[in-house]
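All chains are identified by letter, namely A, B, C and D, in their written order; residue positions are counted from 1 within each chain.
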């Protein structure tokens, strides 16, 4: 019998992506969908691409009977998310896609998100949702905090290199090219087609992007000391996808080998042949990650490039993978959809 | 046990789309892939988005042992297709995606494709692959001829209207907006990103597009007399999708009702609420078709708009749906993938 | 000495396009720019692509001293425009880019724009701004009403054919493919890159688009009786450009000849060789219009296709051309900028 | 009287861009256009966006009478260019847009371009065409070698910083996002719209891109010792534009000041307010360069971001600017066209 699923905040892009994935998932049934401003609407009205599905209408969260729910995906904005999750039944499994439970240190949360955390007790309980590195804890978790999409991309490039001790942790530069869906469905001038298509620009430069908090937390924990990366994202004119170009220092063969060793057994992480470079186009619409490594004419330098779909593996696909684990299913259940190309 | 599938001409976009669909199809296994110029390569080298799949390498057609194949998809260029299919085992089920077996009249084939048909006997045997209108014949067929992608889009708008006798068959205008993948992976200047993105233009205007042969054949058969449509396709800067805007004459309520009546039981054909208009974005990556109807301030005029994914429902998805029927499976098996949005 | 120019409503796309054109216009100097919500900002802050220009800051309209202005471009929203223009000095030359003075019949204005006209007396004074057809009146006018961008595209296809009597005026269908800048800089969900790129859809179908009022007015006047066209615009994923595909009935040679005869002496209207079809890409960024004609396999049918840049020839370029005439300059002054390709 | 101009290799994108710029240049007349494979065609047939211009037809180079030419732009492929230029009259001014005369050291040419230089004597005569840094030499030059478009973007970020001694020259990383027109009109699978739109990927990684030769030459000369940068370009889905993100080490205020000091008197180089970041969209279609500087949370790190139009300031616009100098005109003549936005 399929597990009963609620999606809170289903009227945004990550909510829609969860519905897309569950549509062909054999082990999950959607029993409730919430959307505050769109309560009362059908999902097909909000997202016509989902109109063929037999789904419950959007309701307000307080209208949901959680006693009938096995797991809730929480795709709400940060700050809202912690307030909502705090009031959910204590035995309800929750996968949170917001930023609210990613940072273990309340001070770090306050620093990056500008206000104190309102559910500090729960933060301790939360498991960081980078599946391939927290798998066992996720399997046992009640509350899993999905990672930032940029944070996922950067960590797939760097974590095995810190673990293997093959790079200089003080010399990591991450240059990201980001599709627009990462900014959500918000009505902002800079997200209009007329403003954004036909070119590119950086944003949140200078070490101000909030996902840096995750890098600091994770890389420092791995290295056993403070690690800070230089990180610049760029908004690029495509809807899905993150390409992370990581500039690192170390022996390139050792770097390549560390990634191969770490990921060879992972079903969604594909390390390309040495020297081959990934494209976001080859992972769009899927939960797969392509990783390429290149040396440089300057000895001791290397480039690691990671491509993933920010809405899928960077967000909702990751959430599904974690939910599969939390519900005792194969983590790839419902997630083997091939990328859509062209 | 899954059916054993061969794909001939797997190195083009429709071949790749077949592989994408079969990747999560529970009743099909790919046992052979051909690609003349790319024989010897792995599918992952030709299409990196498929590299996670365990697939046979590309071979030349003559290397395939068809005794071990239940059904072959033939995604070869027209003319090549008839030459190849002619030599396949007589009991092998074949779904052809080329234009070679779409036109029942050899003279029509010669007129539209510029040379005599080389497998006239087989043409008689072929069933036209517009699933919802040839379902029973397809179920029993050995050879099914996939429709043109434009021909599919236009027929979904018009066929029920001719059947129901609610439009003037001499007054049908079809204006199509076509994504670029319909032109295939051919190296043509006008298909370069630099030439094509950022604008639109018509092509094959004036009644010269080959898919018109299918409209003539099918609409005339339905009407019981010669029917000719005016048809103009336009190349638009997106990768997947056809939007067909059909201008027709008749009572708009009767037109809407005829479409609802005909399609209400069809799983892939969605008639939107009266007045709602479809977007190709809502069907991209899927086998679904969205159909909208609008009246006009001029009495007796109506517009029927059809949106589908040319590579999926317009080509490889249709082929899969037909193959499912030919192999005795549920026609929707493996095809319920939700559209990818955004 | 250059003419002194004010632009009211300079913070929108048509305002920016006017500034772009004046930047290299030898006979115009910008002395005032207004932008209500952005008053106090520099133009370079609102539109960084204009930051190299030495421009006055944006102010509120009431801050402008019109005694020092030779001509004002009014790029305000409709309804606002009539209220503002009503209060401008009576001897100030004005080119209005809004819809407010396009329709000579106040009842037609009220029908299409949903409220009574507030400056009816001035409406009589206004000259319709389709330069090539109202040139002499424009030269003498004090107030010129810029046409709708769709209305311009459609009229360039159809007017010479009505004038020459070579088409059936009851059988005109206009199918338009529109770039997104026509919708302006408004924050609407359907204009977000994530919603709009990668596909197409119709809008304002069924004879509800406001520019139809202009077709009715102009075509009926030309024909000497009521003429109604069937008109459907489609939103397409490019920033600039309108492609108008006009389906007409008549002798195609006569149709082609009527267009050649009418436009051969026009500097901005280029009739392509018979059978050649235009692309919006070939006129982007310029004031040029490309027009192509194709016959059809159905005798007596023809297709006329018009490509123009909605922001330039469809709006601000047209406004400049008219201002040149009103100020006694060569109408092409400052407008011979070649299209930008690729 | 306007100077008489020939364009050799006018059928490519840089040739078309030269024609676009000359179209409104008061001091230049095109008297000859060459295009080997397209000899005999009109420019309007090859590039319909230029059909309104009165231009000579394309001819073969040997058909041109250079005695009547004041300056030739040579927009031919590298290797072809040196062979052609070698045979031009010795007193003809030449602006070469190819790579053939960029590298002063013949060994460097052979290393990066794979074969010996065939016109070594002329290489000594050539002046490197980065206008703002070689202005006086260009004014006196007979042969100017246009820079690589990437090389221009990177140098605008870095040169003033080396000159001012404010960065560590061993720690320069350049990450570029490149529009597709930089690859020219070549028929390559990876340049098809269907392959390229909707995502991004790196290319020529690892220090293999040929423009690195220019960085080595120029930066080493400035620093007085060998300087090597780490350089990775990425192909992004827009037609025009390069965004160069330069990661450097030094005091960010000093870095910003060095750029301001160096560029304040330059008409085409705009240093944005501190912390503001440029977009390629704000320079598209123009000869302007926008430069932004950001510090980082890691002390001693900074990011310099440069946006330019690869076809204009990165290639044909630069060539025009140099030609203006060589012909004794104001270097900005004909180049003050404002960027096209949106």
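Heads up, the rule we're going with is that contacts are C-beta pairs under 8 Å (C-beta built on N, C-alpha and C of every residue); 3 or more make two chains touch, one makes a residue touch a chain.
Computed from a prediction, not measured in an experiment: that's the story for all the values here.
Under the contact definition stated at the top, the chains bordering both subunit C and subunit D are A, B.
If you match contact pairs by residue number, over half of those in B-C turn up again in just one of A-C, C-D or A-D, and that pair is A-D. Centre-to-centre separation between subunit A and subunit D, using Cα means, comes to 39 Å.
With each centre defined as the average position of its C-alpha atoms, the distance from subunit B to subunit D rounds to 45 Å. Chain centres here are Cα averages; for subunit A and subunit B they lie 36 Å apart. Residues of subunit B found to touch two or more other chains are 13, 181, 194-198, 237-240, 278-279, 281, 284, 342.
Taken in their complex, subunit A has these residues touching subunit C: 13, 180-181, 183, 185, 187-189, 191-198, 237-239. By the touch rule above, subunit D contacts subunit C in their complex via residues 13, 16, 19-20, 23-24, 47-53, 181, 198, 239-240, 267, 270, 272, 278-279, 281-286, 288, 290, 311, 336-342.
For subunit B in complex with subunit C, the touching residues are 173, 175, 177, 179, 194-203, 205-208, 212, 228, 230, 232, 234, 236-241, 243, 245, 247, 275, 277-281, 284, 292, 294-298, 301, 303, 305, 307, 342.
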